[in-house]
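Right after this note come the structures.
Two complexes come next, and they have one chain in common, chain A, joined by chain B in the first and chain C in the second.
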Partner chain A sequence: MTTWLQSLPPGVIMAVGGLLLLALRGRALQFGLVVLPVVSYGHLLALPAEHVVQLTIMGLDLVPVRIDRLAMVWGHVFHWAAILSAVYALHVQDRVQHAAAIAYAGSAVAAVFAGDLVTLFVHWELTAVTSVFLIWSRDDRARKDRDPEECYRAGLRYLIIQVASGVVLLAGICLRWADGGGLEFEGLATGDITSAPLWAQLVFLAFGIKAAFPFLHNWLQDAYPRGTHTGTVFLSAFTTKMAIYALARGFAGTDLLVPLGVAMTLFPIFFAVIENDLRKVLAYSLNNQLGFMCVGIGIGTELALQGAAGHAFAHILYKALLFQSMGAVLWSVGTCKATELGGLFKRLPVTALCCMVAAASISAFPLTSGFVTKSMTLSAAAEGHMTLVWLLLLFASAGVLEHSGIKIPYFAFLAPTKKDWSAIERPPWNMRAAMVTTAVLCLGIGVFPGVLYRFLDFQIEYEPYTALHVVGQLQLLLFATAAFVWLVRIGAYPHEKRATILDFDWIYRRALPAGWDRVVRRSSVFWTRGGRLAENARQDGLVWIQRWVGDGAALTQTRTIRGIALWVLAALAVGLAWVFWLH
Partner chain B sequence: MSHLISIVTENLPMLQVVLPMLAAPLCVVVHHRRATWWVALVVTWASFANSVALARKVYLEGPLSYFVGGWEPPWGIELRIDELNAFVLCLVSAICAVVLIAAPRSFDQEVESDRHHLAYAAFLLCMTGLMGIASAGDAFNVFVFLEISSLSSYGLIALGPSRRALSSALRYLIVGTLGGTFILLGVGLLYMSTGTLNLVDLQQRIPASDGHRTIVVAMVCVVVGACIKLALVPLHGWLPDAYTFAPSVVTAFLAATATKVAFYVLARFLFSVFGVASSIDRFHVDWVLLPLALVAMVYGAAAAIFERDVKRMLAYSSLSQIGYMVVGLALVTKSGLTGGIVHLVNHGLMKCGLFLAIACVVLRFGSPHLGVQRLGSTHLDRLRGLGRSMPWTSAAFVLGGLSMIGVPATVGFVSKWYLVLGAFEAGKWWVAALILFSSALAIAYVWKVVEVLYFADPPRREDEVGEAPWWVLGPTWVLVGASLVFGVWTAPTVRMASAAAEVLLPALAGAGP
Partner chain C sequence: MTGREPDGDGLRLLVEPATTTRWVRVLYAVCVLLVVAGEGLRFFSHAFDHVHYGFEAWPGFYGAFGFVVFVFIVYCGRWLRGVVSRPESYYRVDEPERSK
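On to the complex of A and B.
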């Protein structure tokens, strides 16, 4: 291989090639869509296993490529996800969406192989600006669920938050640089984050926004269910897992990640159970899964880190499969609302079976990928004698089964319904092929975990199929299932609300603006003058600026020659006065 | 043959000025629409090649002196090319060469057909003037070339399709002449008190007559005059109208070159001629320029947000970007000056690309500003949904806009990086904060256009239009592409800019923050 190919960062082939897709259409577009990730993967595999490329730009020592064991885990699975999602999206005729998706996947891969913070920042922002098109794009098949105006606004919110995360990251980098620190992206902090320097806290916050930490997570449930039926499959794979990688790389062993992660595994359960839009249920469960990985990174032992990496690997596949099956339902029926679905098993058997495989995987049934990876995190918590964490994670596992493992397949495919589905179209071959392949991978990893561990070059021997593990997990699953059946039978299972659940977003989008209004109004009672000023500042701020610099306003209207000449004279007079005063 | 080549290589500094000057009357004589274009095209590209060769020579061998007619200074006229001049010359000739490719299609629509030869002649004269300013080694010739470029640019602006082009040109003429007069006054005063016009001689003699009142007045006159041509707020009154009503190609050309050369004059006189010891340490010109530049930066961006005409919006954005350049100069640090000088080229590339994208739109929608009642074709409402019907033009606009904001991997980021670095070097973090604030304002005005281009539905079916011809789209993409290439491959521009800052730096050494 020539040297320039070696110094080409992995993923750049997709990031740049994706833009070229804009010029293609028809068969060529489909061809490019699938070939780009394959070529990019080939390029990655041809690179040496330990590989670093250095570069100096504008006096900054950059490391655009750093390949090692940890990055490789994400490198493999991001490419698998890109290839499978591309096949899944083959039937869509939309250049912009395809170009954005491939460029998005490419920059996510490049971010994973970034060896310094500046390179990471560039790809961090690139993933944001490319992925937003997956939310904005039109999707004729999902008109019922995707109001264009709502999607536009959600996309805008998503973009603002993602870019803000990048800006926070940049601020952290600048502070570190100003302190005389280097740019290397490796072990940024560990232990107690509250006593770490400010720059490390900012970087942590930036990663946390993308990893959807509690109270920073709302963009996820807001934006992902509004993606196109193929776009959300891409979205679910990259952004958050890139953040998990960044945390594993920079903040392994940071204590705060453990309670944060536990909170992330727990709170989505309650919202997911009552949510009606099944893709939003998946968005909540995505959050829960990220929590497991955060706990693993926070514990920071070798086993826990491997567990987080392996979990991310398996999770990307089964989560993509879940979104794929829901995408297929959306494509066929036009909606993903639990109250509108049910009994689809007969009409969409392949989709239903794949969905069940994914549901079994995410619930960590033995012989599925979830079982062999998630139990590593649990084992690490147990080995570290974190009994409370272990118990809470166990409870969260039962919760996962409740909302993702049973609710999704049950309400979509099995629930009793009076609707007649015989007229709906079956998903095209490419969607089914992608789903079946992903399902086979999920099962394959579950049955042959050793292959995965060797493939990812894990350093610790771990045996998932011990009697204790299997029996323990089966007990958990059986009781959780029994609870679900019992609740449905006696009619106590919470009903899906045909409403928008805002959870903490309510604070940002309702309470804070309303609170501000109230504060302004209250204060105006006491301090009429000040209150009015504040009210004016908020409501009339723009008007005030516009009065000065708006269209045809005092400062922007066409100047008369006399006016300009007066300014010139004034400038001369001031200039002369200035120098003579100093003279 | 080798004799001929040696004649050319020896006379490079003169040729790039003389070629367009001689070609201008030739254009008037030839008179034919397309033939004059060919003349202009050949000459500008020859000049471009010439400047690149010259720049290469300067970087390899150090500053060049050329004595016109073999007469040595201080009696003869000297052309002096150092790293700073070479950089500006490359920008001006490159912009001329690229813009001229787009000119015929755009002129066909906006300029009356029997005036094309005059337009090309004026274009070449303007180029002569700008190249002349950037290579002249004495103060008087700086003034002469300034007048050549100004007079021809008044004519170019007056060729605009709307009647308001005339009044804008007249306004610019009067104000520009004021500026020219101030510079002439300053040069006269300098000659009176030092007895020389040569810039290097002046540099040596001015410290001797330290703080002489005549020289101080000369400094004020030159700075005010240069600031008028530079359109630094509050002396910017001529600029928005002139840019709005000039023919599209002329706007692209002037926006990328005229103000940049004025910036060169300001920097050259402040740092080299008067010297840091006098202009900065003693009379604190930076204390006056810095607040004005910061006001310009924010005011231009704020006005651009509310402007509904895209061409005018870009004109206001230019005011803001001029602010950035002057901030770099007024910080008086090496990084700041590098940032200011590199922004000179970077802004030239991106703004020229943006104005050419507007030229594409105008080509599709007909002449702008035809009537008072009818919406001009550059009005924001006419761009609705253009992302679908003119994808290449719209994409070029978006990329140029990203550069205007300063997104990483565009040239805008490179400039702002050095400006912010310079602000920190000078210990003025609040300047850095204002630079970032103004960039945030840029997001607002660029987004406003993006939203209309891509998210608004086209107003009527019959307004469906096709893509602009490649003759105009090509140069647009060359410039937009350059602003991306130099955003990633920063070595050439940054190295040239820091070498240019280095030229002004010896004087700077004593003026640490």
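On to the complex of A and C.
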């Protein structure tokens, strides 16, 4: 018999409980912040491995809970991320931010376990509405990097795009419903998406917006670097990976995902080289990593899909660790601009070491989590005889080393600087505890990959530690590092500069508003002449209205009740006749 | 509520001018050793029997690929900076650049 606890969707404890944090302060707030994700995870682990809850509301057959192997991969890691991020944020006394963060994490978990598209849509939108507060919230430790006005505007742009993704998803759901299709969230399309029905294309587009497809990606680089120093750690874990899950669930084997994913792995590399804000570099890096997962989902073989799932699992942890370490820098120094940093290793050695572990993991050095997960996607491409895709992914792997493996730790912690950091405050214990734990997980997964594969119930055998793989990967990464050293020594490596790097968002932030301004200005002459005509028309209209309903006019004279009833009766008769004629 | 981290004197070895040259030499030496190790795999094991592509078996393929790609990315980045870099205040509505 299904108990009420088994009917409760995973994540709802956080999504609803998060709102209760608004009523708490001090120790109680800290306690609630950590306990809610722990209780939610306990609830998930107590549920059966294969479990479905169905209900019918207003004629809609909904599946608010669907637990299976794929969803559990995200269920586990989303809870790990929520717990670690909550510990990382313990020192912050901001009820709104904490409530939003926990409700956001809970909504993302609930979305992953949604078995129908309507339930998915509800949680899809809830993640948007809750997460924006992590961008809008005040952060006194990051004043140099976070202008309140800019954060507000970035948050608005983020919210509009996220909600738009939900609206597109809803349009797809409605079209499918209107076509007589069901609401199941499973295997929506595969193969050629261009020949799929319109509803499937709309759902694909909605998922693509949140997965930061090329040209739909700018919300990520716009909003994430403007989050609070703890908020961005939450943001990095959930929204985009929820979209990756949705793609894996709905569009596995969709061909278009392969070129889209390859493009996503490539273009962020070049922007990351010249970006000065290290949290923005990480946002580009995130985009690049999502590309690997999209390629895996697009290839669609068992190895590729498990590679994408395993990569998402490892990525959430090492990306969170990178954002945690940059959050610690932001907390201590007040900025994450590379031009303002350097040499922090002496004052923040734990943070520096954790950052280096994360940098090694994302670069896929042996004995780290990236090595044992990302390579599955490359192997799947090779086994599918996709030579160009394989070469481009290898290219992107060297690019990852450039921006996340070298640039982040080097410019923050190792680069020569004349600044004296001895007076800066070191991050509080909870931030360091979260970072060290996440670093241990990154290394643990890398050293014992079999444990991860069994934990995630992978159905195929994959051995990452072959001599050729280890030597080849080390060659790729260390020769690329040698290239970095050589470029720095000959003075060819670009110096960091304070600048704004234009990306595709220039279209809607500058080009379209400027174009609209020009149209309005040029048409002012037209409006001046047109305005005169409009004024004349307005006065003529007033005279006409006065004639009918002004003092003493025909329609304003007092009539008998009998006369009014006759008029109403006549109008009803005409209306009824018209309806009868229509049918 | 600030933490008590130990000073990072151990990491100082990574960046002290006196030791960086030594580290760079170690890096170059490891690179050479990796190429030698790759060739060792060719002669003393069957590792290259199972490669997906023939060019993976070329001596130092992965190393050369990594080096060339890294240099290519950095030079592309330098070119891209000339195209898309603008003043930091570019998007701020109240800045003079906006009104020009």
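Keep in mind that, in the parts below, the second predicted complex is superposed on the first by the 510 of 583 C-alpha atoms of A that agree within 3 Å, B and C clash if a C-alpha of one lies under 4 Å from a C-alpha of the other, contacts with A are read in each partner's own complex, and residues count from 1 in each chain.
One rule holds in what follows: contacts are C-beta pairs under 8 Å (C-beta built on N, C-alpha and C of every residue); 3 or more make two chains touch, one makes a residue touch a chain.
What you are looking at is a predicted structure, and each value in this text was computed from that prediction instead of being measured.
Once chain A of one complex is fitted onto chain A of the other, the partner contacts of A:Ala565 are limited to chain B, with no touch recorded for chain C. Between chain B and chain C, C contacts the larger number of chain A residues. Looking at the shared chain after the overlay, A:Val122 reaches chain B, while chain C stays out of its contact range.
In the superposed pair of complexes, A:Gly575 makes contact with chain B only, with no contact to chain C. Looking at the shared chain after the overlay, A:Tyr152 reaches chain B, while chain C stays out of its contact range. Of the two partner chains, chain C is the only one touched by A:Phe479; chain B is not. When the two complexes are overlaid on their common chain A, residue A:Ile269 makes contact with chain C while staying clear of chain B. Of the two partner chains placed by the overlay, only chain C lies in contact with A:Leu348; chain B stays clear of it.
Counting contacts as defined above, no chain A residue meets chain B in one complex and chain C in the other.
By the touch criterion given at the top, residues 170-171, 174-175, 178-179, 182, 211, 213, 216-217, 219-221, 223-224, 227-228, 234-235, 237-238, 240-241, 282-284, 288, 299, 302-303, 305-308, 316, 391, 407-409, 414, 417, 424, 455, 490-491, 494 of chain B touch chain A in their complex. Taken together, the chain A residues at the contact with chain B in this complex read 22, 57-58, 121-122, 125, 136, 152, 178, 545-546, 549-551, 553, 555-556, 558-559, 561, 563-565, 567-568, 570-572, 574-576, 578-580, 582-583. Considering their complex, residues 1-12, 14-15, 24, 27-28, 30-31, 34-35, 37-38, 41, 45, 47-48, 50-53, 56, 60-67, 69-71, 73-78, 80-81, 84-92 of chain C touch chain A.
Across the interface of their complex, chain C is touched by residues 91, 150, 269-271, 273-274, 343, 345-353, 382-383, 387, 390, 394-395, 398-399, 401-402, 413-414, 416, 425-429, 431-432, 466-468, 471-485, 487, 489, 492-494, 497-503, 509-510 of chain A.
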